[in-house]
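Below: a set of structures, written as C-alpha cells.
Here come two complexes built around subunit A, the first alongside subunit B, the second alongside subunit C.
What follows is the complex of A and B.
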C-alpha cells in the first residue's frame, strides 16, 4: 500500500501544531505576552514560556508589549526552575547579576515586582523543548504508519 | 390581542442586560478593572477604566513635535495592550458624569466618565419604550376568531 502522507490526519495536524509553535517562538523573540490570575501567571517571551507563582500580588491581568532590546537573546535557552528559599522571608543575597539569571531579572522587571518573596517559584520552558516534544511523537507515529501500510497488501 | 409579556424577547433580553449592568455596577465598587490599548507607533492610547460606580473612557494623542527643540516626540512605549483587574476599595458608587478635554502643546486629552446609574437609566428607558410600543401594537391587533 502506498504511503500517501497527504491523506494522513497525523501528518497535517502535526505540521499545523509545529507551525504554530514556530510562529510563537518567533513572536517570543520580539514581543512579550502574559496573563495571570490570583498569585499565578504565565508570560511568553525570550524564546519560551514561564509559569510562576508570585504571592506578593493578587490580580487578574493580561499584558502584551514590545520586548526591550537590552535583554540579549540566547538561541537555545535552557529550561529553568527556581524556587526561593522557604526558610527565609526574602532572598536578598540571590545572585541576580549572574548571566544565568538574566531571564529571571527580565521577568522580575516586567511582571513579578517582588519575586524574591517567600513561596515564589518560577518555571521556564523553552520553545525548542516544546517543538521537540511534538516532533518526536509525530515522527514516531508517521514511522509506525508507514510500517503498518507497507505490511498491508493493496486489494 | 393579549399582552403576554412573558413571550416577548424584548422583555427578557432587557432584564438580562439590566441584570448584567447591576452586577457590573456592584463589581465596580469592589474591583478596579482597566483596559489599555495603544496604536502601533505609540502616538495614541485608549484606556477604559471601571471603578467607583462609573466607566471612564479616555484617549490621548501625542502631537508630532519632532521639529521642536526637545529630546524627541513623546509617545507611549511599553505595553501595546493591557488588562488588569484587582480588588480595590471604592470611595463612591453614585458619581456625576464628567467630560474632560485638555489640550497641551504636546498632548490632546479627552475623557468621558459614564456613571452606571446613567447606563441603567438609558437601558431601562429604551426597554420601557419598546415594551409600550409593543403593547400598543398588540392592542390594536384583532385576535383572530377560531
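What follows is the complex of A and C.
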C-alpha cells in the first residue's frame, strides 16, 4: 500500500510549522522582535527566544528592529536559564564587539547583571531546539501512520 | 382643529425647516465631538500612564498632561535597556505608569515648550541643576519645563531637541476650528434659507 503522504494532514501541517520555525530562525539572525506585559516579556533574536521576568520594570511594550551587523552569531547556541545574582560583580567594560560575545549566553549574562534586579530570570530557547521538538514527534507520527496503513490494508 | 390648521400652511413650514441648524445631521459636529472626546481621554490617560513610541533618533511620548516629541540627536546614548539585545535602530512602542520618581510638580495647564541644548536659558538651567543636586525628597518637585531643561542638560547633544505640546492646547485648537466650522455652516444655511 502506498503511503499517500500528500493526503496526510500531519504531513502538511508539520511542514507548515517547520517552515515557519525556519523562517523565524532566519529572521532572528537579522532582526530582533520583542513584546512584553507587566514584568514578563519575550525577546526574539540571535537564533532563539528569551523569555524573561524583570521585576524592575512594569510596562506593556512591542519592539522590532535591525540587529547590529557587527554582532557575532552562534550557529547552534545552547539553551540556558539565568538568574540575577546580587553577589556577582557587574562587568562594566563589557565589549560589545569582542570575540567572546559570540556566545548568546555571554550576552544574556551581561544583560541580566547590568539591567535587572533580584528576582529577575532569563530562559533562552534556541530555534534548533524548537525545530527538533517539532520534527521528532512529526516523523514519529508519520512513521506510525505508515505502519497503521500497512496493517489495515494487508489482510 | 389644530391639526387642520397645521396642514393648511405647508409652505411656511418648509421655510422654517431650512432655517433650523439640524446639528445632529452634521458630520463636522459629530466628528468634532469624537476627536475632542478622544483628546479628553488622552489628557486624562497621560496623567496616569506614559505612552511611548520610538524610532531612533526620534521619540514621542504622551505623559504629564501633554505630548512630547523629541530628537535624541546625532549621537544618542543608545538604548541602555536590556530589551534591546545588540543596540540597533528599531521601532519601539510601550505603555508604562507615568514616572513617579521624576514626577513633575502637578500643573493643571503646563505651557508649551521647545528647547535645544544650546538654547537653554543659562540662569534657570543652573538653578534647576543645583536644585536637582541638592534634592533630598522624592518625588522631585519639578515642572515639565524644568524636566525638559534637566533632560537636555544631561543627554542633549548635537542636533537634539524636545518639543512639548500640552493636551489643553491641542484640545483648544481643535475646539476653535470646530466652532469656526460650525459657525460657517450656520451662515451657509442661513443664506440658503434666505433664498
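Just so we're on the same page, the second predicted complex is superposed on the first by the 120 of 155 C-alpha atoms of A that agree within 3 Å, B and C clash if a C-alpha of one lies under 4 Å from a C-alpha of the other, contacts with A are read in each partner's own complex, and residues count from 1 in each chain.
Note that in this section a residue touches a chain if its C-beta (ideal position, glycine included) is under 8 Å from a C-beta of that chain, and two chains touch if they have at least 3 such contacts.
Being a predicted model, the structure only gives us computed values, none of them experimental.
Trainee: Give one of first, second, both or neither to describe whether A:146 is in contact with subunit B, with subunit C, with both, or with none.
Mentor: Once the two structures are laid over each other on A, A:146 reaches no partner at all.
Trainee: Does subunit C touch more residues of subunit A than subunit B does, or is it the other way round?
Mentor: Greater contact footprint in residues on subunit A: C.
Trainee: Using the superposition on chain A described above, determine whether A:67 touches subunit B (first), subunit C (second), both, or neither.
Mentor: second
Trainee: By the touch definition at the top of the document, which applies to A:43: first (subunit B), second (subunit C), both, or neither?
Mentor: second
Trainee: Quick one: is A:8 in contact with subunit B, with subunit C, with both, or with neither? Answer first, second, both or neither.
Mentor: neither
Trainee: So in the superposed three-chain picture, is A:59 touching just subunit B, just subunit C, both, or none of them (first/second/both/neither)?
Mentor: The answer is both, since A:59 touches subunit B and subunit C.
Trainee: Which subunit A residues lie in the overlap of the subunit B contact set and the subunit C contact set?
Mentor: Common interface on subunit A, subunit B vs subunit C: 57-66.
Trainee: Within the complex, which stretch of subunit A touches subunit C?
Mentor: For this pair, the touching residues of subunit A are 32, 34, 36, 41, 43, 45-46, 52, 54, 57-68, 70-71, 96, 107, 111-112, 114-116.
Trainee: In their complex, what parts of subunit C are in touch with subunit A?
Mentor: Per the touch definition, subunit C meets subunit A at residues 80-97.
Trainee: So in the complex, the part of subunit B that touches subunit A is made up of which residues?
Mentor: That would be residues 77-87 of subunit B.
Trainee: Which residues, counting only subunit A, touch subunit B once they are in their complex?
Mentor: 57-66
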